[in-house]
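Next, two complexes with chain A in common: one pairs it with chain B, the other with chain C.
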Partner chain A sequence: MLKFDRVTKVYKVGAFGGGSFTAVREASFEVRPGEVVSLIGESGSGKSTLGKMALRIASVSSGTITCDGTDVSTLRGHRRLKEYYRKVQGVFQDPFSSYNPVFKADRVFAMIRSEYHPGVSDAEWRDKVADALKVVRLDPDQVLGKYPHQLSGGQLQRMLLARALLLDIDYLVADEVISMLDASTRIDVLNLLADLKARGMGILFVTHDLALGNYISDQTVILHRGEIVERGVTSKVFADPRHPYTKKLFASVPQFHKKWDEVEAELRAREAADTSSQPYHLAEGQAVPSELVEVTEGHYVQPFHPRAAV
Partner chain B sequence: MTAAQPLPDPTTAAEEPAAATPEAPQREALYFALRNPKLIVGLSIVLLFLLVGLVVPPLLEHGPNERYAPPLLPPSGEHWFGTTQFGQDLFTQFAYGIRATFLVGLLGGGIAAVIGMTIGFVAGYKGGWVDEVLNMLTNVVLVLPTLAVLFIIAAYVDSYSVTTQSFFIGMTSWPWAARAVRSQALSLSSRDFVDLARLSGVRTWKIIVRDIAPNMSSYLFMTFILLFGGAVLAAAGLDFVGLGPSDGMSLGLIMHQAVKWGALQLGVWWWFVPPGLGITAIVGAMYIMNVGLDEVFNPKLREM
Partner chain C sequence: MTLEVSDLQVYYRTLRGDVRALDGPTFGLADGEIMGLAGESGSGKSTLSKSLIRLDGRMRYIGGSVTLDGDEVPIWDDQAMNEFRYKRISLIPQYAMSAMNPTRKIGKMIAELLESRGVRFRDTRDELHRRLELVGLQRDVLDRYPLELSGGMKQRTVMVISTLLNPSLLIADEVTSALDVSTQRAVAETLVEFRDRRFVKSMIVVTHDISLVYQIADTIMVMYAGRLAEKASAKTIIEMPKHPYTKMLLDSLPEVGVKYEDKRLSGIPGSPPGLLKPPQGCRFRDRCPLADKQCLEQPPFVEVERDHHVACWKAE
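This part shows the complex of A and B:
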């Protein structure tokens, strides 16, 4: 289990490290084996930061991330980290900067080979790579032996996914992995993720696309300005969103027959009409706690001020 | 995929093994290097001078400071570069001088490059307190008045060879290189491909050498050329004020003597033009090489 426990990330910003910026605040959730957790939030809400902390690319400022019981920040030394990456891998958001421009794109495979499979014969490795590429719907002849600038964003993205499949991993951090794919390839990759999940892999699926999150995930985590405002079983969160931000987010999916103004007005009216009192409603002047409140079984929401604007 | 392998396409056959082995990028770079006119021209000039410095001196029967010919002879079949006011053969001096120039450039520039690049890479990649400590060290050496220090050292050391001179120059001329390399390494190490290499279990030093450095190889070579040129000029400056090596000859020393004995006023151009041209040609040829190398290492430039 990949477990985030009150994880906070503070970036130092500005000259001389004077300023600081809290990108993630007290985030707690889990990714269990055989489960897809979609991490949804607007741009800049801290999704990639959470993923990078799980991958040990960014340090955790406070709180802990544990992988099957091991605190990842205690993984010091090259050997232990290498063992960690045998189990946990990631695909970064920006496929273009994930490749070293002076080398051919397939070097990402060669690195895995030289570090993790040094004994494998050329022929065997070629087959292994070809298999991994086939799974992500890539033609080896079309992508091998080319430089990154000669490949499309979608091709590069899928090669990164194929790269992660070369290792027998337990957890995958997939940061916007299908943002650059067309509809038909997208469905193939989604089905691939479903397949991996069925084989017991735990996937942290970062996205800002609600439909995708709903389609693929078991659990949903809604992130807003670095804080988790709502999380839980995907079906419950999508059917019955409680936090005003979640509601607004869901309402903001474009609809053919409605303008945003109408949608927003409707949302307002409904909120004003709702005078019920809930355990997660805060009284005037009460500070927002970081602990989430359970609404129904497996559905949590951050307490909020009922009639404040989001 | 079926068991039948497609026949290799003859046009890509040369690149085919490249995908299989990790050494391949170097082999491929070599392939393009051997077909790059700028690189070939620059390298040829540098090698020509190097050859003169290495091969010619042992063949000459007179030493560079030997006074055996009539003074101030213009270039002729007998004395290719003419003679000095003291009847020394200028071609002999030139050949020995090239030797010293390469030694100073390679050794002084090399020492400075190794120190500067190591510090720059480590500071840029590691960041944090490591960066701050190394920055401080760099700044301390940077504000040392290098030439003044060299003067003092040169004045106090008795046995003073070209090697010693190169060593001192190398130890004091690296700070700007460290800074330049650091800022490049810093911006490169925040790129995702560095993180991906870490995710692939690659060690830090390997990432620096194999992922970050190749992205700035032409930049590194440029740095070395400038350090090389800087070391040559610093040596010439020392030689010029009479603090050159006590034994030996260098291009700077020839120019120093030319100026000292009024070659400029007498119009004895053959005394100072060849050493000046020599230094310019060596540094200039290395610059041309650098432009060529840029094309070799940058796959995008290759296609233009």
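This part shows the complex of A and C:
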């Protein structure tokens, strides 16, 4: 299990690091094996920071991230880190940035071989690569031996996923991996993630596209300005959002058959009709706590001031 | 009609021959029309957009014509196009936000752009301020660097700059793709507002996201492999599409509420044909479940119902 426990990230900003900016505040959630967790929020909300901390690209300021019980910030030394990256890998939004344009794209496979499978014979390695490519539905003849600029974004993205397969990882951080792809390729990559999940992989799926998040995830985490405002079982969060920010986000999703204005009018009418008082409503002047409150089983919301604007 | 495009052909020159990226689209854009332009990567959306502004070194005009408000647009003549560029036809290119010069303040960038078009910055300053305020930006954005603005702010700034001279046609290439949903919505609604206020007469909105363009567009046009597949009102395209490609494209989109366990969506099997030597006849042929012998001949793009054009032999 990849477990985030009250994780906070403070970045130093400004000249000479004089200022600071809290990108993530007291975030707690977990990614279990065989489960997809969507991390949803607008740009700047801290999604990638959370992913980077899990991948040890960014340090944790306070709180802990544990992977199957080991605190990831205690990992030191080449050998232990190598072991860790054999279990946890990341794939990012811009596939081009993961490739060096000077080298052929399949160099990403060769690097894995020299690092993790030095003893494997050429023939055996070729088969392994072919198998991994087959899983991501790429034709080895079409992609091997080519330079990054000769391949499409979708192809490059899938090669990175194939690379993760060659490592046989347990957890994947997929940060906006489909925003750059067009509709029909998106679905292929999404279905691929779902297949990996079925094989037992735990996936942290970072996205700003709610429809896609809903499509593949078991758990949903809504992040707003570095804080988790709502989280839980995807079907519950989507069917019955409680936090005003989540509601606003859902009302902005473009839908077929329904225009934005209609959706918003419905939402307003429902809000006006609802005068109930809830355990997660804060009294005026009460500070917003970082602990979330359970709404129904497996569905949590951060307490809020009921009539405040988002 | 604001825009009329007739049998336009623009190819890319490469060492191995011509890439037939734009192969004869014919369509019109009515006054006030917002048209969504959809299609897979490589279908020619950006090539069409660029053709109406500037052919880059590799692009070659082959044939066809374009008229704007009744005037011929000489897209083959780089010099003569200066009359149209920015002033009458304006393009927000794909990746415009990341292309902003990071070392220039926004205001300086605008002044330079205007001056390069022979317009005095001073003469447009008041209008610029008014429009920035209209889209919810403080005028002090002019004193800031692109890095200091959020994605949505940058995109709204780009929209204001692109339409400052009230062009007849605005082409917005993937302006919302990199944004989150609530910002996407704000940007899309700003496009509509610009049309309603007559800052621009008509618009082509290029996007991968048909559900987004459905929210704001009057019509939707679908391209496939350099040709037009279908054009109709947004409602018709979503509810009663006739081209097999449009249908498959729509089926590959998850709507909110659809879950992987309940309904596994499928992409469109196969990939678009290479345009160096495109196949004879219908270019969708080898991926189309309805293809038969007749499809070896190229289907014409015809009006099958009022304002509903389709290029498919099987579209009844």
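By our rule, the second predicted complex is superposed on the first by the 292 of 310 C-alpha atoms of A that agree within 3 Å, B and C clash if a C-alpha of one lies under 4 Å from a C-alpha of the other, contacts with A are read in each partner's own complex, and residues count from 1 in each chain.
One rule holds for everything that comes next: contacts are C-beta pairs under 8 Å (C-beta built on N, C-alpha and C of every residue); 3 or more make two chains touch, one makes a residue touch a chain.
Note that this is a predicted model, so its numbers are computed, not measured.
Participant: Superposed on chain A, are chain B and chain C clashing or fitting side by side?
Facilitator: Taken together on chain A, chain C would fit alongside chain B, as the superposition shows.
Participant: So in the superposed three-chain picture, is A:V102 touching just chain B, just chain C, both, or none of them (first/second/both/neither)?
Facilitator: First partner only, chain B.
Participant: According to the stated criteria, A:K134 is in contact with first (chain B), second (chain C), both, or neither; which is it?
Facilitator: A:K134 contacts chain B only, not chain C.
Participant: Considering only the touch criterion stated at the top, classify A:A308 as touching first (chain B), second (chain C), both, or neither.
Facilitator: Neither partner.
Participant: Looking at A:S235 after the superposition, I want to know if it touches chain B, chain C, both of them or none. Which is it: first, second, both, neither?
Facilitator: A:S235: touches chain C, not chain B.
Participant: Applying the document's definition of touch, where does A:L144 land relative to chain B and chain C: first, second, both, or neither?
Facilitator: It touches chain B, and chain C stays clear.
Participant: Just chain B (first), just chain C (second), both, or neither: which does A:F92 touch?
Facilitator: first
Participant: Should A:H208 be classified as contacting the first partner (chain B), the second (chain C), both, or neither?
Facilitator: Second partner only.
Participant: After the superposition, just quote the angle formed at chain A by chain B and chain C, using C-alpha centres and rounding to the nearest 10°.
Facilitator: The C-alpha centres give an angle of about 80 degrees at chain A.
Participant: Who does A:N191 touch here: chain B (first), chain C (second), both, or neither?
Facilitator: In the superposition, A:N191 touches chain C alone.
Participant: Rounded to a whole Å, what is the shortest Cα gap between chain B and chain C in the overlaid structures?
Facilitator: 11
Participant: Name the residues of chain A shared by its contacts with chain B and its contacts with chain C.
Facilitator: Common interface on chain A, chain B vs chain C: nothing in common.
Participant: Would you tell me which residues of chain A are touching chain C in their complex?
Facilitator: Chain A reaches chain C through residues 41-44, 152-154, 179, 181-188, 190-191, 194, 208-212, 214-216, 234-235, 238, 248-250, 252-257, 259-260.
Participant: In their shared complex, at which residues does chain A touch chain B?
Facilitator: 52, 55, 57, 78, 81-82, 85-86, 89-90, 92, 94, 97-104, 106-108, 110-112, 114-116, 122, 126, 130, 134, 140-141, 144-145, 147, 149, 160
Participant: If you look only at chain B, which of its residues touch chain A in the complex?
Facilitator: 1, 6, 12, 15-16, 18-20, 22, 25, 191-193, 195-204, 211, 214-215, 217, 297-300
Participant: Mind pulling up the chain C residues that touch chain A in the complex?
Facilitator: Listed in rising order, the residues of chain C that touch chain A are 40-42, 150-151, 177-185, 188-189, 208-212, 214-215, 238-239, 248-249, 252-260, 264-268.
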